[in-house]
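To start, I am sharing the structure in question, which I have written as structure tokens.
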């Protein structure tokens, strides 16, 4: 199984060390979020930052991980890719965890579609497919993959109504998880289905036993355990 | 031609006066943005605000105009509609100018799809269609309607590649306008195509003659004047 | 009693109508918040907006009302005043409701201190006095003026420890009101002390009878009713 | 010279490793920013995070480094300290780089003033002194310490007008540096005065030779080289 190693940090030296390590251990690729403490003043500065990270793993494809809701790094990824293509030899694409599908569409069409653009908002997979997504990475795929495979299959055969229905189920799931704090609830769900991945780390807090029971009931109410398979 | 009158304001009394006036003059419906100065603390407070506005035009359909990028009023419109349906007899739907297509999808599926959900981000029309949009209101439809009609037609016949191509042209147009300040540039464009709607008002500033020439050249470069028709 | 009329709105024509009306009815001055819906792109655009408002009441001093927490209009007021002094003949100063005391200090020292800069964060009155505030407008002055007079008197005689103690009492009061929603709680407090100013308007909601009792108890606990006099 | 080591990171394990290392090498204390990627949902979660960091250097005083403009971690530090005092045996105080002097004042008066609250906005030193600051850490103290010593001395002898004048000079300096990008310009200034600390690291960019010359001229215009000594 190919593994993409995330190497992002607020510190360039750490990113580079992680990138070099990823290459040593045989990772398939690296991904890196924008530096969120000292934020790049311009797109060119972010390109320069990414170039240095990528250069520490010259044998691995490099993905920019766009998640401004967490990092605060605002950038049009299409501009980043366009400016980066000549400066970062290993530039492969982006993980795109942001609802701006205009920017995402522009990315997909750059340079005859040469970039790999993994979409990261599970709740918006269907609209992302519509503008051209061909890959996705997301938390809920860990416990509800069959739903999303049905969604994709329906989309591909032109059955949009079924695709919307599946996407709507996914939104019910995500609204339910978000009510309990999305990541801790997702870990609790993993354990429910027999895949205990351990607890979240601080500053996140694991769901209490009581909250976990409540989550289970709510998931049963939206019939998650039926349609996830 | 049916006219929807916007009656939003930071002041409830003004909204109500505008709503009553809209009904008197025979408007087809009213729309109202959320109050952006004193912002509602809860969704219920926003429902109460909308109910008072809607009650001043009891004979007209009421649309909530969701545009948090300008008003700062954050709300899940699906929750607003769900809570509002029993409290606002004339509640007809929303104008939705925000990229959160999860919330938008939830809106479209509420109560068997009873709400009219006019999508307001022209640059994301295609993904909105994918999740179920059946109407749209936007600035660039004033000067590039044929492009969007082609986009919709392609989408409806399942030709997504053509739909993406048209949407991509729209994004090139919008990026170009945004570079000059979107609304002033849109007014300048209206004048270019023979429909002078007058200048923008302060605090917006009309494009200078020089900037207008530059905009024209840029529009020619992306072949806007060819594909807009 | 001189009355300053607030004439701000998201609509320039409304601002101008309110300004002209204020002059007709004998107001002492006008104040105007920045337009929060279409926000000015530059300081020069905001100056141009203010100039048009001020020109509708040419006989009245004009104050810019700086409250970015509500309007979202970000500007360095010192730059606004500096650029505005030649363009707005009636420019008198600002109401400053923002914690950036660097900008505030710069305002106080512009053009030999010619501007009147009314500070608007009651919880930061003491630090504002330290950088040169000579006037203030705020909600809690309505029901706790003696506390602030004691604070000012202590500051003026160099007794900073007493001034801090009074300011600290004010912060306890403000934290208490904020816990219940600041403005509705302030209205409830006005009624408690025998000055019923009526309820807040939507989208704000009046405190419930229960919350009002709780607020009263909390105010008693911090001994507000003793030290407010 | 006592050295406080900053050990903050988005990753708890890294914070702990840095904290343990700081203790080994004989640091005087540690400081830690809030984790800005996965942000704490509550003050209690942030306290729990800090407790784990502090526990890795049990022999060193622990300072919370409050700088929400960079981390996005919003918290009332007074609440953090109050909740933390029983849970973090080494809790010594905070570095406070934020303009909310209400929260700062509350911090200074907690538990009879037991906390050490180092103020971090050089441009607001005077107002911070007014509410009780007894220590400060900041960038411009590296190259303009005499100005701030004069400011403090004037404040202490009750000569507020002189203190304001010195603070105003500091704001002129800071506005000038900010125009060129504050940190790169500060490094360039250090080199100008003979203390070359090396360049900034990506994603920040060193000032160009041209910009450095321009900065020098601007600093000369505001007479920085005279009054910094």
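Going by the order they are written in, the chains are A, B, C and D; count residues from 1 in each one.
The working rule: contacts are C-beta pairs under 8 Å (C-beta built on N, C-alpha and C of every residue); 3 or more make two chains touch, one makes a residue touch a chain.
Treat the numbers as computed from the prediction; the structure is a model and nothing was measured.
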(request) Check every other chain and keep only those touching both chain C and chain D; list them. (result) none
(message) Taking the mean of the CA coordinates per chain, how far is chain B from chain D in Å?
(response) 44
(request) Take the average of all CA coordinates in chain A, do the same for chain B, and state the distance between these two points in whole angstrom. (result) 29
(request) Report, in whole Å, the distance between the mean C-alpha point of chain B and the mean C-alpha point of chain C. (result) 34
(request) Would you give the residues of chain C that are in contact with at least 2 other chains, written as numbers and ranges? (result) none
(message) Dump the list of chain pairs that touch, please.
(response) A-B, A-D, B-C, C-D
(request) Enumerate the contact residues on chain D facing chain C in the complex. (result) 99-102, 105-106, 108-109, 121, 123-124, 126-132, 158, 160, 163-164, 167-168, 171, 174-175
(request) Flag every residue of chain B that touches chain C in the complex, lowest number first. (result) 9-10, 12-13, 33-41, 45-46, 48-49, 52, 70-72, 181, 183, 201-205
